[in-house]
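Comments concern the structure below.
Residue numbering begins at 1 within each chain, and the chains themselves are lettered A, B, C and D in the order written.
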Amino acid sequence: MEFGKEDLIKLYVNLVRTRAFDRAAIKWLATGKLLSFYHPAEGGEAPGVGGTTFLRKDDVISPHLRGHGLPHMIGKGVDPKRYMAEHCGKATGFGNGLGGFHSAMDEFGMFGGTGTLGSCFPLSAGWGLAAKKNGTGQVVVCFFGDGTSNRGTWHEAANMAAVWKLPIVWVCENNGVAQYMPIQDAYPLEDLANMASAYGMPSAVVDGQDVVAVAEAVMAAVEMARNGDGPSFIECKTARFSAHGIGNPDKLHGKDRTTEDIAKLRERDPIVLFRTSLLEKGVLTPDDVERIDQEAVAEIDETEKFIDESPFPDDPALLDAALYAE
Amino acid sequence: MEFGKEDLIKLYVNLVRTRAFDRAAIKWLATGKLLSFYHPAEGGEAPGVGGTTFLRKDDVISPHLRGHGLPHMIGKGVDPKRYMAEHCGKATGFGNGLGGFHSAMDEFGMFGGTGTLGSCFPLSAGWGLAAKKNGTGQVVVCFFGDGTSNRGTWHEAANMAAVWKLPIVWVCENNGVAQYMPIQDAYPLEDLANMASAYGMPSAVVDGQDVVAVAEAVMAAVEMARNGDGPSFIECKTARFSAHGIGNPDKLHGKDRTTEDIAKLRERDPIVLFRTSLLEKGVLTPDDVERIDQEAVAEIDETEKFIDESPFPDDPALLDAALYAE
Amino acid sequence: MRELMYLQAINEAFAEELERDEKVFLMGEGIQTGTFGTTTGLVDRFGPDRIMDTPISETAIAGAAVGASLMGYRPVADMMFSDFMYIAADEILLKAAQWRLLQGGTQQLPCVFVANIGGYRKLGNEHSQCPYSMMLHNPGLKVVIPSTPYDAKGLLKTAIRDNNPVIFLYHKGLLPVMGEVPEEDYTVPFGVADIRREGTDVTVVATSFQLFWAEAAADMLKDEISIEIIDPRTLEPLDIDTIMTSVRKTGRVVIVDEDTERCGFAGELATQIMERGFYDLDAPIKRVCAKNYPIPGGIMEKFVLPQPEWVVQAIKDVMVD
Amino acid sequence: MRELMYLQAINEAFAEELERDEKVFLMGEGIQTGTFGTTTGLVDRFGPDRIMDTPISETAIAGAAVGASLMGYRPVADMMFSDFMYIAADEILLKAAQWRLLQGGTQQLPCVFVANIGGYRKLGNEHSQCPYSMMLHNPGLKVVIPSTPYDAKGLLKTAIRDNNPVIFLYHKGLLPVMGEVPEEDYTVPFGVADIRREGTDVTVVATSFQLFWAEAAADMLKDEISIEIIDPRTLEPLDIDTIMTSVRKTGRVVIVDEDTERCGFAGELATQIMERGFYDLDAPIKRVCAKNYPIPGGIMEKFVLPQPEWVVQAIKDVMVD
């Protein structure tokens, strides 16, 4: 896929918005507005944003937990207002206040999230099977972390996808760590993309801090899948700038990640890298940058207002209605 | 490993004994002596026999269901009497009549069988972990079918084995079918050994009808594992001469396997092939062949006598004793 | 009326629903051949895209059924032995069951998980269980355990048409049983118990294959004790009203269920009866269930799985005082 | 006496048993760091070969624990959230639980599965459950749910020394709770209930975190109703005798348990009480459990998880007539 100026700006805007929402989520968790927990996306936004921004609205995505799916939703074109409202427990949320950090937006091909990592794989096989059956050219893009790739569910789903030639793109957001576990101690090879070779699946390893590289690789795989050529695997080497979750220590095997380690990661901030390149190329001016930042701030303010004005759900009858469909 | 004359004869004898027990099991199921069900080994004996005959007594094996583990047990040096008694529900069985086709022979490194295919993989990871921890050079050899390789448990266990360098040899008995499903419709590549590449695990594909080739490949992998060089994968291309289980139709995707298909498979009978070669090489004489057959018949008779003279268990108190250890 | 075997009734229900609604498809291991005859022959009529043979991947089969149901299909996942559903516990007990509520209750998940249950074949714990109490314990699933060919067909059709995940469990011991099955299209509604036999002294609630033991016991005791036998047919939704009407009449209850006793359906039903009808009970409720051991392989299973004489004894026990 | 937090008591039990027996080792995701503090710091003392950080592979972790236990080790598998145990249902509920009996009862499987349970944190169904009723339902596992730092330490030490698979479930809500813990080595035996408060009008059996609600209710009602509170501490083995002694005295029972009601521990206990003490009961037994819905995320969980006022109401209900 060739990216024009508008496309590049769209990618940049989505990255900036993602980070703004990520920061808002962190702040709102601290003030008790956001419920439960939060796993910040900072440093790892590009795979989600790059992998979704150019998908069709009816393409199906399975977001990764990092940033609780914000990068993916924003890329996919979902207005995050009702998602954030849900995460704050409000009745106006996508899950009517029943879901918390889970919640579905069917019309955007997001059928919802789960709490058990790796259960996305069999579900994605099912979405891919439905997409193949309905013949509309829908593609499923399943995002997951390096740690999550160790679940056996991936093997079953990937094999099924390969043997049935399902239109699925597996996008691994390899940030090198799973909670407190470095990936080199959880997988024996350098590249997780090697996993694809077990099924003869095409794979690529890309710089996950380069949002354009991600978008190119994913969209090439999406085209293949759309054309009936089956699944493929994209590994994005990315980073996690902060601790696993808010309130967690930033440790690996019980030892602190050093400030040097983090500083080194931060040198390759996907937004800074992309901004610099867009400014250099003249795709953006400093004024554009300023305006995009301000628009993101305004969107957060608007979202916060929406959330604050929304009521909490307060009717147990909601449960009966939600338990079973008619 | 170099195989001397005695070794070759041992392999041959174990193959012949395996087939004799397999036939006995079929007959005894028909007459109601053997309980539950039976999945004949005929045509697929070489991977089990070749993969176990030269192991140390304390090496651990996880037998495949085909022939209900008879090829592996016989190779490992277990006297099948008490195993067969168990399968006939007798109190003298290895499982005291509580197990049926499950049953453990700890002193031979056989900790027992299960009914859910593929649960052998995590268990083998545990056996491998224990073997690595205890430092005695024990190796785990885990046998499984092509169909079973599709279980996600393999991915988790294989990855764990690779990343922790556990002394495990994965031996796939690829007979091309899983019950009524041809492997080419269940896995996208020609060789299941490709699965090993996902973990950088050494692998080999061998003629599974050639018991010596199997033994060579497995024992080379066992040596590696014993030396601390981690897991590997051996795929044995073998065959299933009859239907999946006694009483089942011999169908693939609902269509009968043709007599031509079967005849073609039977041309490569592992026992006939090996006998011919041993006779040609002069390792065996026709008299030896005759004697070995007769000894096998005698062993079956003796086993049958043992079973017939054994009582059924008849004390519910056995259950309490078996539920929990002290 | 025409008689069919239970397994044929199931097969016919599949055929009719596959014919009626092109969104329906089946997937599972070896189902084009059919391990128990319940799906045999369907591939010839509906082709391999709708009768899908799968790899041995229970987790993916179950999860894919959930996924496809969210996109408008009506998948039936054939899990072969219900014991294999443990392998897909996350997919069935959490995903299928609970997805809808956790995403806010706006979606539909019309999928059916079909599997056999039951012991008495000396196959041991992993081919003999009746693990529906676990399914009842995790809210969000409907649970159907038919005991006759008529119910098997009518309930399976209802299951496939339901817009929620349904567990449909057929008993191995019932497969060859013959019974009347109409030629015309019919369904059996969920949540309606079947009073199999009327009586005034004791209420026996029995499920699935255990109805044989219950009826045998009632026959044996028919000159002494008037026994009402109820088959709940679906455990969720459960027709507690029909059961309570009977309990109010008899004051004595025996529950016969093949799932393991501890934390099982029988204890749940006993508690529900006590909660609603404590003052109507003349004796403690008796459970006849699989005892609290793993189901052994071989003949030792007879000490664990409910036996006809246990039912007779339990009925006598509740008649005391 | 010295006071420790519940999570420290668990940590100390691990340290002492690791010290005592070199066959003991721990494995799980991130346990060298320790998600809930229960294993934090152990790696510094015992090294990474005995405090093993694993890949995210619940099935292999659980299965490997079973395997290693068969070869003489005493593995502790830290499953983090008990909800993740669904992923290893075959390994835990069938392999760990039932292997020994199915191989004839001659082996030992000394493994412990440790995980947190409990809601009230708005985390939704897959981070909030108390899935021990499923573990009780599949015979072969011992199930331990301590409610105090003292019991947590003493029962965990017993669990690690037991020659059978044990499920040890600690409640998230109890982690920071302080309580007396002796410096000396001690263990708490399985199958011995703790009478937390004596009383004569109502027996309240409460488990784990629910003891807080039970005690709060008893405090509130103390001028009107004399309440006996019993903590079974281990659900298998279950000290039914202590419970029955209390029931015979009070004739009235409330069971407060956070696991989902249907086919749960509370119904099982209610049935066992009825079976043994039907004629001693003056009123139907009341259950206070998680209602039969998936646990929603967000604040809606308050309509599903037991609330203190539900316990008060249940106690009042059983006092009627």
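Simple rule for what comes next: a residue touches a chain if its C-beta (ideal position, glycine included) is under 8 Å from a C-beta of that chain, and two chains touch if they have at least 3 such contacts.
All of these numbers come straight from a predicted model, not from anything done at the bench.
The chain with its Cα centroid farthest from the Cα centroid of subunit D is B. One finds 45 Å separating the Cα centroids of subunit A and subunit B. Mean C-alpha position of subunit B lies 40 Å from that of subunit D.
Taking the mean of the C-alpha atoms as each chain's centre, subunit A and subunit D sit 36 Å apart.
Multi-chain contact residues, meaning those touching two or more other chains, occur in subunit D at positions 54-55, 57, 59-60, 83, 86-87, 90, 94, 101-102, 124-126, 139-140, 293-294, 296-297.
Chain contacts: subunit A has residues 86, 93, 95, 97-99, 102, 114, 116, 150-153, 156, 159, 163, 185-187, 318-319, 322-323 touching two or more partner chains. Contact topology of the protein chains: fully connected, every pair of chains touching. Across the complex, subunit B is touched by residues 25, 49, 54-55, 57, 59-73, 75, 90-91, 94-95, 99-110, 139-140, 142, 163-164 of subunit D.
Subunit C contributes residues 29-30, 32-35, 40-41, 43-44, 48, 53-60, 83-84, 86-87, 121-127, 291, 293-294, 296-300, 303-304 to its touches with subunit B in the complex. By the touch criterion stated above, subunit D contacts subunit C in their complex at residues 83, 86-87, 89-90, 93-94, 97-98, 101-102, 124-126, 133-134, 136-140, 236, 260, 262-268, 270-272, 274-275, 278, 281, 283-287, 292-294, 296-297. Note for the complex: subunit B touches subunit D at residues 60, 86, 93-99, 102-104, 106, 111-112, 114, 116, 119, 121-131, 133-134, 152-153, 156-157, 159-160, 163, 318-319, 321-326. Taken in their complex, subunit B has these residues touching subunit C: 35-37, 86, 89, 93, 95, 97-102, 114-118, 147-148, 150-152, 178-181, 185-187, 248-249, 251-254, 312-313, 316, 318-319, 322-323.
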